[in-house]
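Before I ask anything, here is the structure I am working with.
Naming follows writing order (A, B, C, D and E), and every chain is counted from residue 1.
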């Protein structure tokens, strides 16, 4: 049996379940919409202003996440081959991490991780 | 692993000193540079012992792929055999001592990181040179040491003279390099490989019948390579850069311009001895050039006043000996002299450096004298160095120089002239070296009051290495004791047998070189030795009597009696002037012409014209540039499709 | 049989998602379809026994890169009219060119048949007996591709620095000493 | 097709495997569906206990009040039958898709955990993790990295600035802590040399001193913190800080869609608890009773042994679920800048350091034992 | 039997979609997404080729491509943000700095 078959099954089941839950509300509950009810909820106070432009901080976090995520994947691969590569592998990864750590230090020094 | 560390440490030292730790104190850069070298030396020693324990068979250490084009392959391979192993020890060992010394010598400098960085880089390049398994890796090292030499000669670049000396060394070396490169090209053309081990196998394997074309080519290849060796090892007529190179700091002179770099030519010829053996004509030329250089430089050294200049010409002369040794086919003798010379010449240079430091950077021997009193240790080690170089029986120079002269004499009738020149040079050597010793350490002190007051022995950092070198200079000679002398517990010609696997005479020419292994009557050998010892003794005594108390009556009267000869010698045979008026000036004029007329008017005109034409066309067509990303993309796609179409059909 | 069914259904969905990515008016929808595309591609990789690639396809591509796209879309919070229409710059040339590519590829396959090559020893069985896909890929990466691997770290570092330099605007330090002094002196 | 054919088909190897996997999946899904009600109850009763009040205890069937356990059931029914209000200006499609993203990723991860050792049914070896892959570990990470979409899309589609801000905060927090989470698990891959969770459990054996928590304590420490941050739970529940953001990314969600988010959140908590138990606390291993012994005690019935192991796994996971509740009512909330600084400036370097140290120790150990 | 040609056709189709997106979409974000699409089609070719040839180099290459794609997305989107800040739009019709 293909080991990915269960993945497919769970996927369909999950989507189905989510869909049912989504759809259930549609059919089970009453539906009496009016203008005020479907306004975005801001604690009952009249809505103020446009949706703001978001801080670039979130974006910076995301980009750092990507790059460190890649690093993590490299590390997983390395961890798998660790026993085979031994000290050579450690040497390789130390160089790799040293370079990335330089980038990390730059990020910290530049204050890209400060939330104020 | 250990092997790679040998290369790694000097590079690391150079990197740290040159790029990372630029603002540290001189002490730190000294410690860093020195410890890098000592670490390399330890690794080299361990590697060497391992190598010897493994039977001393040559091994090729595979590095990474480097250049590969068609059938041409030049991987970054290294060769570890008895020759390169020895060189490893010389370079890192003597290098370490000189590094230690340099800390004391460069004590007052502010920015020594540059100095130690260059010095470490030099060692790395030199290691590349001796370890490379093919001509190209060797060439990298060859150029690298040239570069470092240039940088270090011009270390005090604020002074125009030093910078010019560096430039001169660089340019003269380039002439040699053209020969070397030509040799590499020819080698590849006729043998389709530039690897030493492959070449050796190809030429020595019994079945290899070299065709006439290849035999002829070998003549030219060796000649071209020898031109390269002339440049690097300062032989006639390309020796002129070496005396000027003394403008650099003294440790540099000791390490680069006496002990290691200048011997690269000898090393290269020894590495390729099987090729040189096949070209007797080249060998003849090599021997002649070596002998002439030995005498020529020795005569100039007779009348120099600058202590470092004397040593510089002495180096040229000694290199001439080594080349002579190679020329007569006695490569092991040449390499042995290289080894001993590295020890005692480093010693002499460093000793001279100590003297110079003590004298507040005065180098003129006319202002010295009587330093024995102030600098007893330096005096002692210098004495040992001088005795070693003049071939005083029992010290290293005696064994090594004698071996070369003996080989020259037994080389046959055609080499007797070379032997004569060499012997004469040996006489001169004793004279000028003893003169140097007398003028510096004996007699009355002739310096001014101020200098005299501050004369004192140097620090242990400086004389420590000198002592080690002195012991080496005295001792290493016993590695190669000739047949006729029997010392209990010591095998004769140890060194020669040690190098046997490296030196290999191709079977085709075995007949021609039979004299290298022939038996000779002991009396003959005793006679040859007696001649040189007698010459040495007489000229030393002459020098002692002339200079025991400064410039005595005899010296002055001799100078005025042979006024013409003295003037010629003082002016170094007018070689520099000759080069200046017949080579440098015409070249400069031609360059001026090429620059002002050909370059500026014609070439620049064409280039600028083309550029302007394109500007015009671009200006005309730029209205098509909408600046739209999509249009750019579209053009790109269409272009790629066109390229693919062309590729497919 | 089942493999073909799998392939065709996946391929069809991938094609559909690809078209939707390019044609959706709303970037968020495009991104969602891109995620779908990546997910399905991971399925195809898995069916080709490239387990590791399949996993990181989702982990890195879907889980990180497209998230970044999402963030930027939200960050810019484009007005509906700026979620631009599909606009075609120079339809004739482009469509022609792309048709040529399509015909070239498909035609090439029809003419030359299935491409073949020297078969290496890393067949599915060999990989399984050598310790699994992840392990063997790791071994290849950390031995044969040692230098590219180290260079990759360099690339990532540069990307980190570059993106921060480009995107981060240095705001003036809030109320520096100088500012305070200026304020104090009116 | 006759009856015999059907029987033959159903008893073929492939069919047994497929049926078994469907059964396994259904069991896990049903189990997961039970988690929110129980947890909701626990989250009400526990603080009541801590704060010396009663908490919900009324709802029951007739006289059987079951300590108010049925309150949760009532809540669920209420949620489903409430009116659905879609805010104006919401992106309808995305608004409806977002909860689905949350739910299926949660289930996918839940199915990748080994709930017991392999058992043999009808001569077929059946693994007790519904999804068992070579790259098990990476699969879990990959799927949980997709959970971000549900949050992000939900916030964006709601057309509400609090929702958007909440979702950005939540997703930025989730991705920030995914790095230390992933990094904290690498030492275990180094130690156990496999990405297969079941093999990892077997390698840990039944004795606590060879469990992951003993071999890689710093990893556990990091993982433990990440557990809270990844699920947006207190003390890291900034994304739904009521005082600032109303209720975070699901402000505009109600009725069954809200239930979907609720469900996925609790499933995610359970998954991380189970993962912690599996990786650091010996998974389905019964403490001090090696599997062979357990098998003997269970009369040689492997399904019985597996059941006992399953219960122990639930026990261990349950402990962490309890810790979730406990911490929620004990610790105050962090500030957002503190949260991010903790993740990037503390956990990440510690994670790297831990990784290198572990690698060194293992390498030295290997070198020593080899000679 | 699914042959490599199937994968190649699929990859070509994806690549064309990506190219069309790059050429025709005015939103820079969409352009970048289309580039991801193109990279993915290449990845598909690599993986299928790796399978056909029994050689893992293709998969390692995909790994590197993903690395490069991550870096590309990061820097590319940073540039989009910088452009948006400077010009207030990411519509390529308005971004014509290269106009001759």
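Methods note: a residue touches a chain if its C-beta (ideal position, glycine included) is under 8 Å from a C-beta of that chain, and two chains touch if they have at least 3 such contacts.
Note that the coordinates shown come from a computational prediction; the quantities given were computed from them, not determined experimentally.
K.L.:
Could you run down the chains that neighbour chain B and chain D together?
P.N.:
Where chain B and chain D share a partner, that partner set is C.
K.L.:
If you tally contacting C-beta pairs, which pair wins, C-E or B-E?
P.N.:
Answer to which pair has more contacts is C-E.
K.L.:
Taking each chain's centre as the mean of its CA atoms, which one is most distant from chain D?
P.N.:
Centre of mass proxy via C-alpha means gives B as farthest from chain D.
K.L.:
What is the chain whose Cα centroid lies farthest from the Cα centroid of chain A?
P.N.:
Greatest centre separation from chain A goes to chain B.
K.L.:
With chain centres taken as the means of their Cα atoms, state the distance from chain A to chain E in Å.
P.N.:
21
K.L.:
Taking the mean of the CA coordinates per chain, how far is chain C from chain D in Å?
P.N.:
28
K.L.:
Distance between chain B and chain C based on Cα centroids, please, to the nearest Å.
P.N.:
57
K.L.:
What whole-number Å value describes the gap between the mean CA coordinates of chain A and chain C?
P.N.:
Chain centroid spacing, chain A to chain C, equals 16 Å.
K.L.:
I need the residues of chain A touching at least two other chains; which ones are they?
P.N.:
4, 51-52, 54, 56, 58-59, 62-67, 69-70, 73, 77, 80, 97, 104
K.L.:
Can you list the residues of chain C that touch 2 or more other chains?
P.N.:
Where chain C meets two or more other chains at a single residue, that happens at 52, 56, 59-60, 63-65, 67-68, 71-72, 74-76, 89, 94, 98, 101, 133-134, 137, 141, 152, 156, 158-160, 163-164, 167, 169.
K.L.:
Two-or-more-chain contact residues of chain E, please, as numbers and ranges.
P.N.:
19, 23-24, 26, 63, 66-67, 70-71, 73-74, 77-78, 81, 93
K.L.:
Between which chains is there touch?
P.N.:
Listed in label order, the chain pairs in contact are A-C, A-D, A-E, B-C, B-E, C-D, C-E.
K.L.:
Inside the complex, what are the residues of chain C that reach chain B?
P.N.:
Going by the criterion above, the answer is residues 89-90, 93-94, 97-98, 100-101, 104.
K.L.:
Which of the residues in chain C come into contact with chain A in the complex?
P.N.:
43, 46-47, 52, 56, 59-60, 63-65, 67-68, 71-72, 74-77, 134-135, 137-139, 141-143, 146, 149-150, 152-154, 156-161, 163-164, 167-169
K.L.:
Note which residues of chain E are touching chain C in the complex, please.
P.N.:
Of all residues in chain E, those touching chain C are 1-10, 12-21, 23-27, 29-30, 32-34, 36-37, 40, 43-44, 47-57, 59-60, 62-64, 66-71, 73-75, 77-82, 84-85, 89-91, 93.
K.L.:
Per the contact definition, I'd like the list of chain D residues that touch chain C in the complex.
P.N.:
Residues in contact with chain C: 91, 93-94, 97, 133-135, 138-139, 141-143, 145-146, 148-149, 152-153, 156, 164, 168, 171, 175, 178, 195.
K.L.:
With touch defined as at the start, can you tell me which chain A residues reach chain D in the complex?
P.N.:
Touch residues, chain A against chain D: 1, 3-7, 9-11, 13-15, 17-19, 21-22, 24-26, 28-33, 35, 37-43, 49, 51-52, 54, 57-58, 61-62, 64-65, 68-69, 72-73, 75-76, 79-80, 82-83, 86-87, 90, 93-94, 97, 101, 104, 108, 113-116.
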